[in-house]
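The two complexes that follow have chain A in common; it is paired with chain B in the first and with chain C in the second.
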Partner chain A sequence: MADPVEQQIHRDPALFYWILLPITVVMILTGILRHYLSTLLQTTPKKQPLAKIREQRSLLRAQNLRGNHQQISKSSFERRKEVFIEGVKEGRFLADPENRGKPRANPMSDPAMMEGMMGMMKGNVAMMVPQSLIMGWINAFFSGYVIMKLPFPLTPQFKQMLQAGVGTRDLDVRWVSSLSWYFLTLFGLQPVYNFILGNNNAASMATQQMAQAQMGQNPMGGQEDPDKIFNAEIENLEVIDHRYILDGVEDRLLAKLGATL
Partner chain B sequence: MLDERELAIHPIVQESVQHNARTVSNIRALTASLFGVAAGTLGLESLPGFIFYFTGTAIVSLLIFSLKAEQDAKSYFFRPFSDLWAGDMFGGLMSFVLTWTLFYGLCKA
Partner chain C sequence: MSLALLEPPTNANPQTALTLSQKAPTFYKSQASWSLPYPLSLFVNNESQEKWQAYENIFLACLRTGDNQSAYLYLEELTDRFGKENERVTALRGLYAEATANTAKELEYVMKHYEEILVEAPSVFAIRKRRVALLRSLGRTAEAIGALTNLVDTSPTDAEAWSELADLYLSQGSYDQAIFSLEEVLLVMPNAWNIHAKLGEVIYLSANAKEAGPEQLKALSESMRRFCRSIELCDDYLRGYYGLQLTTSRLLGALQTTKKSQQVASDPVAGDLAPPSIDAVKKLNEVATAKLAEIVRKGTAGEKGWDGYSASELIAARELLDRGTQQIQR
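Moving on, here comes the complex of A and B:
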């Protein structure tokens, strides 16, 4: 070490049993609680009317056709495409054919949309409340002591945050109070949750944020006009350069066998 | 076009990719925590500690490559470099720091 005078603080070993251990245990238990809370709060998807489901499924079918078009022969693909295009032109797949071309109602007024937004709110609340509670608890109970020494140096900017409540100005930043242990556990317990709860748990922050990102680019903006989506799908189908996967399979088989023989 | 055709003939199954990635990340998380325990017990500080972590993960990558992937990274990973060698290098860092700090605090300071 460059600094010859290294600060040394003798701490009571009881600090470990009464601060470090409780915080760790509480953090793990909160993660588990958060997991089960979000599982319980999940709203079961509401039953949708037949027409709505037909609209979604036929769109899904077209997307699958586009994704797996190599697996069927050219004629089958063309036939399916034609049927789909015909159906869209007639508006056969739409949930309410009368409303074609009309602008969609405000998503706020749609009860189904409100339901989805409530679900998201619940997830956020289940995340935020325990975190702020625990931070308050730690600040109220355990502030003011130095409990451990970090094995790596930090810049003095961290002093205010990590040594909160410790009124010693010249103390090395490596000595930190309980709040920093809280932050360490907050970020580092991810694998522990993975081992306790399985991989798809809702305990961690990272997965929560990921799920939110996947939930859709515009949760508020609502859905577009289904007719437009169908027409876009038609365009996607039209531009496909169809190639059957079994084209030239004999040559490939012979080449493979020839290589092994 | 050739690439697309190649992908159609030898499709890459999303589930398998995810499963492999999950296996690797589980191994990484577990070993990172154990490296933290080791580094803390040895009393490593600042730079040597992080060097210890990166050497450790490199060794773990080698072990995954030779034992789990049977020396054939191409057939287990879509992009061998980013998925096996460099991927998740920093994924275990937080848990490493956690156990490192804990055991350093217990043993040394």
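Moving on, here comes the complex of A and C:
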């Protein structure tokens, strides 16, 4: 069977100089611009009051006690558990013991919460506005051009990805349209930014998306009542069946060393 | 960038700290950065976390070796970059002021400065820790303990603070409090073998303070088990084997003298463990002695892979071994 005839398209070399290069350069420049813009717009995270830190870390300590209780003897564990339960009942760990049991205020009225959301909005705007502008620009001036040929063959599934804006069914998948080149650079310039701006730059999409995913489960819903969380932790602690890691450690050690000696 | 630059030199031995601080001037020159005129400078970035980490470490090494001029140079760079308000920089500046203070009065002045900062921003933990360290070095141990208990009350997951507190309590001979603090460290970092061994040491000391009897036996076996756990986590830990050898020798004597009836049986309610069997203790003692001898032999010879032990610990281990053989000869 003869090899399929390779498609030949004669491209104007000007396509390279006036479309491929400009798109690439503009994409890199916007990335750098975005980096500096978001550095400018970034608000330094507000310092938490001491009582709040104490509340969070006390909870963390109880969780540590639950997770690593094997490390300490049963009497030490029971003693810590009792002190914790007593403290929670008295509300000793809470940031503001006066508001205990009252329903939480609407998070929208909380200025600290609003500030956090504003910061998020700013980041998103810095991200979205340039992207939509550039996409409009490319659509208006360069849509429908086939600007380059990839040096390797691909399966037809890539057709949608590589030939956006070109409605030709029989064109070989290796030809890339200008709009697709825009998308490729949008997602693929990460290493270039890393090279230019250092490792923790704000230009990359991926990190932005990650930051969004980490924003907590429900930024609008506010936090849960800390008193409830503490009480749930008490229940967790009370069901623990204590096991001491030093129980039988000498036999374990002898068995282990006996094998290697 | 070499690894030595990226590790804080506070735990390194004096030799490493000295070489690091001797490198300071050349490193400073090598970092002197070229930069382009304004609009072009936006396209280059010679910032990296490693650079500033190295700066801080060299700064600390210089302070340790008394090269205050180089230290000042690095401190200024750090201040220029991060500003005077930065928490870390304030702590480093405080450290510099402490190191260059000549008289007790100057130290008092530094202390006053710390307290001023803390009045304005009580959540700067770096400064709070500096204050505790300064109190301790001034010999005001009771105040240091007070400040530190206050700190761990607000931040009970701070392993560093807990272990410092344990050390302070130990220096005062309050074994129970020291044991409690070390247990807290273990709750945060369950696999820290050095803390397991340290806890074993403290329990051993507390056992020494007790009268011979079931209580002491209990403490000794607890201490031995801590050392066992430490070795289980880290195969070649010298302090672990040292402690194991020491406690097992003591236990052998104690187990033989204490009558069976006096030994506290395993009590499921209190959760205490039964004292170990004599056979197991004997075997552990043999194993520990053999391993300790191996470590001392290879460590002193500086064999490859065995050269990380500190000289003083090797000498102490050898002495312990010699003591053991003398007893047998007698």
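In this section, the second predicted complex is superposed on the first by the 182 of 261 C-alpha atoms of A that agree within 3 Å, B and C clash if a C-alpha of one lies under 4 Å from a C-alpha of the other, contacts with A are read in each partner's own complex, and residues count from 1 in each chain.
Rule of thumb we're sticking to: a contact is a pair of C-beta atoms (placed from the backbone, for glycine too) under 8 Å apart; a residue touches a chain by one contact, two chains touch by 3 or more.
Being a predicted model, the structure only gives us computed values, none of them experimental.
Engineer: Have a look at where A:Q190 lands relative to chain B and chain C in the superposition and call it first, second, both or neither.
Structural biologist: The answer is first: A:Q190 touches chain B but not chain C.
Engineer: Have a look at where A:K89 lands relative to chain B and chain C in the superposition and call it first, second, both or neither.
Structural biologist: Touch partners of A:K89: none, neither chain B nor chain C.
Engineer: Identify the partner contact of A:R252: answer first if only chain B is touched, second if only chain C is, both if each is, neither if none is.
Structural biologist: both
Engineer: Does chain A have more residues touched by chain B or by chain C?
Structural biologist: Per-residue touch count on chain A favours C.
Engineer: Just to be sure I read the superposition right, which of the two partners does A:F16 touch: chain B = first, chain C = second, or both, or neither?
Structural biologist: The first partner, chain B, only.
Engineer: Just chain B (first), just chain C (second), both, or neither: which does A:F152 touch?
Structural biologist: A:F152 sits against chain B, while chain C stays out of touch.
Engineer: In the superposed arrangement, which partner chain does A:K228 touch: chain B (first), chain C (second), both, or neither?
Structural biologist: neither
Engineer: Once chain A of both complexes is superposed, is A:N64 in touch with chain B (first), chain C (second), both, or neither?
Structural biologist: Once the two structures are laid over each other on A, A:N64 reaches chain C alone.
Engineer: Please work out whether A:S76 is in contact with chain B alone, chain C alone, both, or neither, and reply first, second, both or neither.
Structural biologist: second
Engineer: Under the stated touch criterion, which partner chain does A:P49 make contact with: chain B (first), chain C (second), both, or neither?
Structural biologist: It touches chain C, and chain B stays clear.
Engineer: Do any residues of chain A touch both chain B and chain C, and if so, which are they?
Structural biologist: 70, 199, 245, 252
Engineer: In the complex, go through chain A and note every residue touching chain C.
Structural biologist: 32, 36, 47-50, 53-54, 57-58, 60-61, 64-65, 67-76, 78, 196-201, 242, 244-247, 249-254, 256-257, 261
Engineer: Which residues of chain A touch chain B once you look at their complex with the stated criterion?
Structural biologist: 9, 11, 16, 20, 70, 147-153, 181, 184-185, 187-192, 194-195, 199, 243, 245, 252
Engineer: Once bound in the complex, which stretches of chain B touch chain A?
Structural biologist: 5, 8-9, 22, 26, 29-30, 32-33, 39-40, 44-46, 49-50, 92, 94-102, 104-106, 108-109
Engineer: Within their complex, state which residues of chain C touch chain A.
Structural biologist: So the residues of chain C touching chain A come out as 42-45, 47-49, 121-123, 153-158, 180, 183, 186-188, 190, 222, 224-226, 228-229, 231-232, 270-273, 276, 280-281, 283-284, 287, 290-291.
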